[in-house]
Amino acid sequence: MAKEIRTIGVMTSGGDSPGMNAAIRAVARACAYYNVKCIGFYRGYQGMIEGDHCILNARSVRNIISRGGTILKSARSKDFRTVEGRKKAAEHLKKLEVDAMVLIGGDGTFRGGEIFSKEYDIPIIGVPGTIDNDIAGTNYTIGYDTALNTVINAIDKIRDTASSHDRLFFIEVMGRDAGFIALNTGVGAGAEEILIPEENLGLDRLLESLKRSKRSGKSSSIVVVSEGDKIGKNVYELADYVTDNLPDYDVRVTVLGHMQRGGSPTCFDRTLASRLCVKAVELLLDGEKNVMVGIINNEISATTFDVGLKEDHGINRELLRISDILST
Amino acid sequence: MAKEIRTIGVMTSGGDSPGMNAAIRAVARACAYYNVKCIGFYRGYQGMIEGDHCILNARSVRNIISRGGTILKSARSKDFRTVEGRKKAAEHLKKLEVDAMVLIGGDGTFRGGEIFSKEYDIPIIGVPGTIDNDIAGTNYTIGYDTALNTVINAIDKIRDTASSHDRLFFIEVMGRDAGFIALNTGVGAGAEEILIPEENLGLDRLLESLKRSKRSGKSSSIVVVSEGDKIGKNVYELADYVTDNLPDYDVRVTVLGHMQRGGSPTCFDRTLASRLCVKAVELLLDGEKNVMVGIINNEISATTFDVGLKEDHGINRELLRISDILST
Amino acid sequence: MAKEIRTIGVMTSGGDSPGMNAAIRAVARACAYYNVKCIGFYRGYQGMIEGDHCILNARSVRNIISRGGTILKSARSKDFRTVEGRKKAAEHLKKLEVDAMVLIGGDGTFRGGEIFSKEYDIPIIGVPGTIDNDIAGTNYTIGYDTALNTVINAIDKIRDTASSHDRLFFIEVMGRDAGFIALNTGVGAGAEEILIPEENLGLDRLLESLKRSKRSGKSSSIVVVSEGDKIGKNVYELADYVTDNLPDYDVRVTVLGHMQRGGSPTCFDRTLASRLCVKAVELLLDGEKNVMVGIINNEISATTFDVGLKEDHGINRELLRISDILST
Amino acid sequence: MAKEIRTIGVMTSGGDSPGMNAAIRAVARACAYYNVKCIGFYRGYQGMIEGDHCILNARSVRNIISRGGTILKSARSKDFRTVEGRKKAAEHLKKLEVDAMVLIGGDGTFRGGEIFSKEYDIPIIGVPGTIDNDIAGTNYTIGYDTALNTVINAIDKIRDTASSHDRLFFIEVMGRDAGFIALNTGVGAGAEEILIPEENLGLDRLLESLKRSKRSGKSSSIVVVSEGDKIGKNVYELADYVTDNLPDYDVRVTVLGHMQRGGSPTCFDRTLASRLCVKAVELLLDGEKNVMVGIINNEISATTFDVGLKEDHGINRELLRISDILST
């Protein structure tokens, strides 16, 4: 029989994402609702290792639902990759009488949790919080929708100046291994071309597409490039290559960078975080463990880590076709 | 055998919603891509009746993807409810050699289209564009996501002043017959209470909830009220009722109004509009007719009007439970 | 010789405004810089009366510069209008060894401070924080610029739907006795007409202007109305009057309400708050007292309360002329 | 006696800035109001040289007041620097019967206009439109206020992730020769350090400041760097230098880039553009010429080009002192 859960710990780990605070709030409030004590650990696994924590009651998460970042801070812990580090974390949990953990983060966070839960008998639920949307066990991760909107707002601004000056802009967005952000913002911002790691357009076809665009009467263009695109050049090299080969284009580069991780979360990310984290607490109280929660086809679901973390996170290639049609 | 489609008409009808321009652009660009002529009618059915139209090519929809409103304007046409009105519309379509129509709008628009398509043999595809999200044949309508974010941004601002002055705010949001906006923004903005037409909380329970909220240490509160809530009082009467019964609350009312219909669409609404409208054009070219396109479980789908317009549009009552837990 | 200042108190009072937190931060940080203790009082004068306070050090104001509202909360205190109330406030200041006060608020706040400083020998500096901009001793009050932008963003959204539906919108903005917000947002949003308390346009001229607007080919119109306009009708009555007299206009009303008080402050309001409050602390340390700080012709200045609060706060009537020309 | 002005030309030149559309609208509407024909030239001087133009009436500038960029496009024209180029421009103006020109742009634009007006007898008024605010003849240039807010919104987002991860961010903002943007956004965003071209902080003092910041308990920091700072290193080299010398800082760089030029203008920039351009048209009609309009101490003024373009554009060093105090 599962041990009764009287204290739940929560932390945020890996790259931060908008909505992590909404998630922390939901864990703390759900714990308060079910009369469970809630302990927050700072800086992800590092806080568990160091015992760096705080008590979270219903009032301590007041008014954070609208704030970017994470009040518990986040980090990538090297120490937690060691047996020694995980041992210290387990000791702190024991000392603090933490019966179960909610881990908010991305795939690295979940893999750490999976190992930890096999070594120590502590029920764990993962909540997907990352702007990259690269987790198979959910259609949407917390922070992704906000990042999309941060990016299109920036591209809209760049479009203003691109149009005014008849320029070609290469805009690099986040997503090292997954093109979700580039693909969806490319369609959303009406980009003339989109380069993502999952699909190698090739330099020749890029040049061809840009030439066609000019012929069709477009005087300015936007190319959205994922950090991790596989065309073999970084965004500055791409810009140079195009400048060399298409001299009538006046080319500029913008790397959007870390602003994509911040900002007040969208309504979607706030409600998603709220729903996933209430579910996470309820699953723990029901004796469930070692799964990640997610939203699949509009339903909140639970998936084992091995399934939830499988490689193919299913980017929608149909959107590339849509983009081709719409950049006519 | 279906007649070959050489010209497609498009219009926007009913209450306007953010993303209608992205939808118009997608219809025009998809037509250009498939070498089909595209004609836009102004002010919905009224423009069809009056023959008030324009030619839409790939360049005429340039840079409108990011703009609120609709370049084709929108209206609710009384004339189209008459046999005579629809006859005139059919005559104009014939004269302009329009072979098929894409109708962007809400349930009223689709019902009009259904009648028209029965009377005249013109293939019609409906595209759901309304902020209310009250259409059964799709999980999301174009404009809904933008409206949610417009609302939570406004509520976040009101929360600032509510917290500073320890006040209780009643905030009325749009949604006469459907509580989608109130429910999701209520959860997203961390409202203390949410009143929607689908669920009669009752005045007593509202008072009880507000008292409990005060006891739990909350000094300010937000109640999100749908235009069409069924508690038997409008938002001002509700505020008066609470003031009379809970004199230590300092009560204020804000009716958000028409700003909810405008603004630059979110990335979600832009990509949704793009996907739905490419599909609409492709369906017409494939000989399909008299269906609405929608997004169901992340897939673009086509649904007959009678199914797509059925009464129960499935609000997620689970969110009310989430709200109760999180407003602890 | 002036008493040495070792402890400075600070509070926010009256209607809250964006940038009050930036102001509190600047007072606390300037105190820390000059090795002076800083005490914050909650809910304006009421916190002084009740002794409800907190210690503000450099770290306790971390990351609040970007937040709307006020961490010290605000209120209008009836008790402070009584001799008894002010006596209690003075006693609390004495007990806490507060040597001087920085009062952040509007004209009501300053008038209270002026009386208090005459009764008790406590140096006081006023900092103008109100969205209304109705204080003669400064060209700009903290929060005004943010409110202007909140309003034009809302009007831009309403313009989208007004244009789409060819409607006339009456939009009521804040400013009971001063038309600054209406006048500047009216010009900034390209309103067809602006109604402010300082200038009685008259109903006939309003109708005339709207008719002319229609004749000139405008299909939609925006009229910005100050809360306190003197045309003798509230915004709903105005809308009814126009509907009765200009039946081809489709008229709607939006009252923007309290969202105008909230939101993250603009860069202007943050730097203004920062500059004014550093000055306020430095003036107190220099032995100055019973003045308000302000910005006049881009210079930070100090003005005695009687001059700073005089009736005529100098609205720029030239802008009405500009508006007439530009709404051609 | 001055020739009667029957046609006024307008163009936008140099780097584009938000509010240029509001400026074009104001020129066109003021011309309409005074019954003067208005001709817009595309791409600044280049359009004058090529005769590339359009007629601007009151309706053709409808709804552009809220849009970034410039509908007339902008460019830096090499041809206009030649005698031959200017001759062609003068010939086109003559052919189109343009009696006077309004030039919207920065110092380069004005210098070109000054030369042109000496060679050909065409009255010219300059309107300062640039985000850099580096023009002596005005306290504020059109677009500057919007750029400030674009920057602080981006820095607020970066602050979220900087705080969550305890990082040090170097953020490069625009302003090659003038530190206005860096200085004001640095104060407005609460940056720990600000580097501007007008003031050489020196690498040693930067390190010292960052160390002090850490000692005082700050775990994350923002350094705002002007493009053109004179510390002898670009922003990436600075980041490397700090990483080498302060190994406990986790350093990141963001270059905000061209998004600073775009976006919907703030209320301030819209009203400023409106006032300046009505004045520009009125001055031309009054026989004035070869001056720039500006806002000095809240009054619209006219300044001869030689005075308006003098080197020292008066950055407010006092703000550096404020920044030092507030980053305590």
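A, B, C and D are the chain letters, set down in written order, and residue numbers restart from 1 in every chain.
Keep in mind that, in the parts below, a residue touches a chain if its C-beta (ideal position, glycine included) is under 8 Å from a C-beta of that chain, and two chains touch if they have at least 3 such contacts.
By chain, with names taken from UniProt: A, B, C, D = ATP-dependent 6-phosphofructokinase.
Since the structure is predicted, the reported quantities are computational estimates derived from the model, not experimental observations.
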item	value
Touching both subunit A and subunit D (chains)	none
Shortest walk length in steps over touching chains, subunit B through to subunit D	2
Separation of mean Cα positions, subunit C and subunit B [Å, integer]	35
Cα-centroid distance, subunit C relative to subunit D, in whole angstrom	28
Distance between the centres, which are taken as Cα means, of subunit C and subunit A, whole angstrom	39
Where subunit B touches two or more other chains at once, by residue number	156, 159, 163
Pairs of chains in contact (touch as defined earlier), listed by label	A-B, A-D, B-C, C-D
Touching residues on subunit B, where the partner in the complex is subunit A	25-26, 29-30, 32-33, 58-59, 62-63, 65-66, 139, 145, 148-149, 151-153, 156, 159, 163, 184-185, 187-190, 216-217, 264, 266-268, 270-271, 274-275, 278, 297-298, 318-319, 322, 325-328
Subunit C - residues contacting subunit B, complex	12, 16, 18, 20, 43, 67-70, 73-75, 150, 154, 156-166, 169, 252-255, 257-263
